[in-house]
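Contents: one structure, followed by commentary.
A, B, C, D, E and F are the chain letters, set down in written order, and residue numbers restart from 1 in every chain.
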Amino acid sequence: MEVSARNKLKGTVKKVLLGQVAAEVVMDVGGQEVVAVITRQSAQELNLKEGDSVYAVIKATDVMIGK
Amino acid sequence: MEVSARNKLKGTVKKVLLGQVAAEVVMDVGGQEVVAVITRQSAQELNLKEGDSVYAVIKATDVMIGK
Amino acid sequence: MEVSARNKLKGTVKKVLLGQVAAEVVMDVGGQEVVAVITRQSAQELNLKEGDSVYAVIKATDVMIGK
Amino acid sequence: MEVSARNKLKGTVKKVLLGQVAAEVVMDVGGQEVVAVITRQSAQELNLKEGDSVYAVIKATDVMIGK
Amino acid sequence: MEVSARNKLKGTVKKVLLGQVAAEVVMDVGGQEVVAVITRQSAQELNLKEGDSVYAVIKATDVMIGK
Amino acid sequence: MEVSARNKLKGTVKKVLLGQVAAEVVMDVGGQEVVAVITRQSAQELNLKEGDSVYAVIKATDVMIGK
């Protein structure tokens, strides 16, 4: 399945923090840190762990610009 | 002002497309393409143009993981 | 690629409206209407047209509850 | 009050998971599962429980398309 | 219908800009400007016009903090 | 750094609730309550506490209208 989100940034998982409902996933994307908050269940279903090759998937309307 | 968004990815503007209400901004971030949709007015107020050094600013709750 | 978004609702495209930057896609999901706004480019790259079988993909943190 | 969000999907609550800050609400919408993450306080104020008739309310700009 | 979004800020419409797909709505909320981008169709269905009493409705997970 | 988000609402922190992954921050903005959910780490890095002068920063595409 191809998803319409325009941003699919290749990276590596550095850290996974599981909460009761949410989970924080820290990735390295080309030398810059990218942090995602997804549900605990998603993190477990994707079996996310340090070293995994993943993509940070982000809808264009959720990206702001800083200058 | 420091903003709580966890993701501030340093990049360069490649292209700006102005619509009536929205604007699409394509950036290069460490060799990967990042696309933002912001309002036309924001793009004009930030005077965004090709070659600008910018940050892609993204709230962690808006980042998904693909594996 | 499996995406962490918890909501993948199977549906059929009913209408696609292309703007300069954005595109509105109206779908039928189990008899209820679901509307997405994605970028024009995404709509064209996915070659979306009436009758297509698609999924409405939605991050759980973007779903509110009305009661 | 009518809200501008284009997506109001009629469904039934199947499960409510309360965390310290967030709450996960699983619904059945026309035979498909829809998951929301809202704040714990919202879940309590709406007094959400299994069997409740509710709506999944989603802004169109938060819906992606998978094909 | 009560919606789980925690933020319902009472304000007045100052300006409505209709695009092909999106619409920008500028409001005054307690002396501060709040801008929404919704779909053109929503703006028309709500028959939004200058002077209308409205609420800016925002999910808590979409609010960042600047300090 | 100027951020493209169109909404920067000046307010004061009333309460901070830290969870394992998320944090809820309640603010007073011109006499109306605004609630943000950010990551625990952001709340700690910004050293948010009652009485702080802050801004509620919100992207226009995340604002709905209620009428």
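Descriptive notes on the structure:
Assume a contact is a pair of C-beta atoms (placed from the backbone, for glycine too) under 8 Å apart; a residue touches a chain by one contact, two chains touch by 3 or more.
None of the values given here were measured: they were computed from a predicted structure.
Shared contact partners of chain B and chain E comprise C, F. When the contact pairs of B-E are matched by residue number against C-D, D-E or C-E, over half are shared only with C-E. Centroid to centroid, with C-alpha atoms defining each point, chain D and chain F lie 22 Å apart.
Computed from the mean C-alpha positions, the centre of chain A lies at a distance of 21 Å from the centre of chain C. Per-chain CA centroids place chain E at a distance of 17 Å from chain F. Here the spacing of chain A and chain E, counted between their Cα centres, is 29 Å. Those residues of chain F in touch with two or more other chains are numbered 1-6, 8, 19-22, 24, 35-39, 41-43, 46, 55, 57, 59-62, 64-67. Only residues 1-5, 19-22, 39, 41, 59, 61 of chain F touch chain A when the two sit together in their complex.
Against chain B, in their complex, chain E makes its touches with residues 17-24, 35, 37, 61-62, 64-67.
Within the complex formed with chain B, the residues of chain F that make contact are 1-6, 8, 36-39, 41-43, 46, 55, 57, 59-61. Considering their complex, residues 3, 5-10, 24-25, 27, 29-38, 42-43, 46, 48, 52-67 of chain F touch chain E.
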